[in-house]
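Down below are the structures I want you to see.
The same chain A turns up in both complexes below, where it pairs with chain B and then with chain C.
And then the complex of A and B:
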């Protein structure tokens, strides 16, 4: 019975992902001109997002203890994490405070499916959201070749595990902060944006020179360090401790549990007070 | 009104500034990591770069020159804006100045006062540099807002998605304006080229004047030149394209 339910859930997830992927593809192909504009703007945006750090690394032959190619690896890793967010959690799933603060959770709650399933599938945009994936993977491969690293099956598994964990940290971080919008819908409507922007801006920087207090903060309260810096250090062998490669996945687990708890508390509050953001004629205050 | 729209229903709006403060701390640490023990690099020492970075972050909003025009075009409120009995550009500029003024009081001023705690001098290179910075900042705002309006007109004319335009602008500004990385510290002489572009007039010019790392006369002349070139273009583009405005709300 339980196996049957699990199979049905998996089938439904796959069907929904397939549906959203198809709609995303159709959206991208419906207008050649718009597609070209999106592709060009994505290209410029992606190049721009890493150029400043790359140029600095080129000018100073690296940044601190990181040589040029290690910096390239760090940037590639950060871009792939960002790409996974863009591909899996669009439509304000990553920016969850917008949905909550705007009173749009009702749109999801009235659907005939569990809330978690809606949040896991609704933001799936594998085509239009993949613009960062290819340059990110390109940078990773380029760096690995130049660093002459030996890539084993074990290393690839560790890389995949850490990439998934970094993405989960970023999502959990946004949900933890974004859940504040349950209690302060208007003031915290954009809190997820501020949190995600901060991570996006800082994720590509080596954080080695930060003092213990700030670095501790960036691995706990604002876990920017787990989005790229720490896992990249581990994968590049800059962390001597062999178990270091498991730190980011463990951190991701903790952040996910905390995010689920905070979100659940917020939903309980929301069940009592609802949202007052919309006027009777549909305008948002 | 700008202040009220920021504060809203809860002091949680302060978190945005707290997150910005973290960004400042990380950037300062990064420069210390890069320039430690290097002495003077392209005419800039570590203390100068730290001051440059701190002032750049303190004046983040005016140095980016972004008004809410793109928002209004996206969510449809441009329709009511056009009915207001004031100039459209003047209204958007005034609104932006109000928002920046609020940020200046809540974030910039405390940051500048607390700068010694970060080990950074917030003072300009000289009293004269401080005075010229104010003039240069005004010109930087003029150039930034003109670019913003030109992009708004382009969005309208070409029916380009707002997010695409914003992303491209942000990507170009980060690299070309010198707000994040001083142009002098870019490799292969790129800074010498970028310094002539309008984006440099938005941030690099006032920051170089403040830190005494550029010739004020030339920098101010360049800024004035770009402002004089971009404003008539903005007016012409807007006049030529506002009838094409299509908005569906957001």
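And then the complex of A and C:
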């Protein structure tokens, strides 16, 4: 019985991802010129976002204890994390506070599926969101070749697990802050974007030189360290402890639990007050 | 035509049942004065807005119910409670035997909702793409999808803009598409919150005709809110009027007219410019030779007025008609406002 339910859920998830992938592809193919401009501008923006760190690493033969190819690996890792967010959680899922603040949760609530299922599938845009994936993977492979690292199945599994965990940390961070929009819809409408931007801007820097307090903050309050730096250190073998590779997945689990709790409290509040004009810093209709 | 394939309850049963439903919002009070603003930081002041107070309402299968009331009366709150996006503070909400909030996932398969000021359409996709999206998300069987799509395309004229992006549609086209979308899964009940807001007369007529046919031929229960009373009168057999969270009237339109004064207009043509003075009627307009009065048919009869007019002037022609329902409702709102004041 439980197996049947699980199978049905998985089938439904696959069907929904297929639907959104098709919609995304059709959207991209609707206008050739628009497609070309979109892809080109994305490429330029993404290259621009890593160029500063890359040039610094090239000029000084690395940053701190990281040599230049390890920095390239870090940047590649950060780009792939960003790409996965863009591919999986578009349509104001990553930027959840917009959906809440604009009163758009109502649209989701009148769909005959659990809320989590809508949020996990609705933002799937594997085509238009993939602009960062290819340069990110390119940087990763380039760095691995230059570093002459032996890539085993175990290493690939650890890399995949850590990439997923880093993406989950970023998503959870956005949801924790974004849930504030349940209580202050209009004032906090853009808070998820601000949180995501903050993480995005800092995630490509090696954080080794920071003191324990600052580093602790960047692994807890603002968990930038788990989005690229710490998992990249582990995958590059810069962390001596073998279990270190599990730290990011564990942290992701904790952040996810916290995000789920805050979001659940927010939804309970929303069920009571809805998207009405009387709430403090009310809804934008 | 058959009734909804999803129908799980017998005809003529109660499909909407509200018992003692209350909903109150808290509104923070603010001031223009700096000293008040500082004081508010420490001791915020709130006003309670009672959107719904102990509402009891039942709707039977196949009814078309107009849900009316002045701005801020609690109409949209009721629609949200009934569609499962809002929970009541107290009381019980049951639709088709289900609790809309607790049984949300199962429940929304049986209802269609249109929020007139919002759209369910995917803005940057053709209308066709949103219908296909709905087919998958609602898991609509192929046979039903094709049957309903054919019907809706024909009745709502969707082919005209089937391939257009939602953001390119006119307001009327958008509403037709939204209505079609709300009905695609063959819901048993349709909740329409201001479905004709901002539409031109032609678009309005198309939508109203469609809703009426839908109810007659498919026995879909419809509850709609609108500010346009004449449109509600055309469509609904029953009107529920809400005022400051209370149900102030529940009955049919003729009963409403009787209960709140059966206002009628009387137009009299006379050869000279002097308007006859009629006891029991109020002169509202007088052009040379044409005089318009308003009177309450429950208080004074038409023959009595004509007799008075004939005694004062030669009556050349007479026209009488009921006051537009909008006037009746405006009078009612005004009366409620006076009573509260």
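For this structure, a couple of remarks:
Here, the second predicted complex is superposed on the first by the 276 of 285 C-alpha atoms of A that agree within 3 Å, B and C clash if a C-alpha of one lies under 4 Å from a C-alpha of the other, contacts with A are read in each partner's own complex, and residues count from 1 in each chain.
Here is the rule we go by: contacts are C-beta pairs under 8 Å (C-beta built on N, C-alpha and C of every residue); 3 or more make two chains touch, one makes a residue touch a chain.
Keep in mind the model is a prediction, meaning the values are calculated, not measured.
By the touch criterion defined above, A:184 lies against chain B but remains apart from chain C after alignment on the C-alpha atoms of chain A. In the superposed pair of complexes, A:27 makes contact with chain C only, with no contact to chain B.
Put simply, more of the residues of chain A are touched by B, taking chain B and chain C as the two choices.
In the superposition on chain A, A:244 makes contact with neither chain B nor chain C. Once the two complexes are laid over each other on the shared chain, residue contacts for A:107 go to chain C alone; chain B is not touched. Contacts of A:273 after superposition: chain C is touched, whereas chain B is not reached.
In the superposition on chain A, contact is made by A:59 with chain B only, not with chain C.
When both complexes are overlaid on chain A, the residue A:49 reaches chain B alone and has no touch with chain C. Under the contact criterion defined above, no residue of chain A touches both chain B in one complex and chain C in the other. For chain A in complex with chain C, the residues that touch the partner chain are 12, 15-16, 19, 23, 26-27, 105-107, 109-114, 271-274, 276, 278-280, 285. Chain A contributes residues 34, 37-38, 41-42, 44-49, 51-52, 55-56, 58-60, 63-64, 177, 180, 184-188, 190-191, 194-195, 197-198, 201-202, 205-211, 214, 217-218, 222, 224 to its touches with chain B in the complex.
Looking at the complex, you find that chain C touches chain A at residues 25-28, 49, 51, 77, 80, 83-87, 89, 101, 104-106, 108-109, 111, 113, 115, 117-118, 120, 122, 124-125, 129, 132-133, 136-139.
The part of chain B that touches chain A in the complex is made up of residues 7-13, 15-16, 19, 22-23, 25-26, 29-30, 32-34, 36, 38, 158, 160-161, 164-165, 167-168, 170-172, 174-175, 180-181, 185-188, 190.
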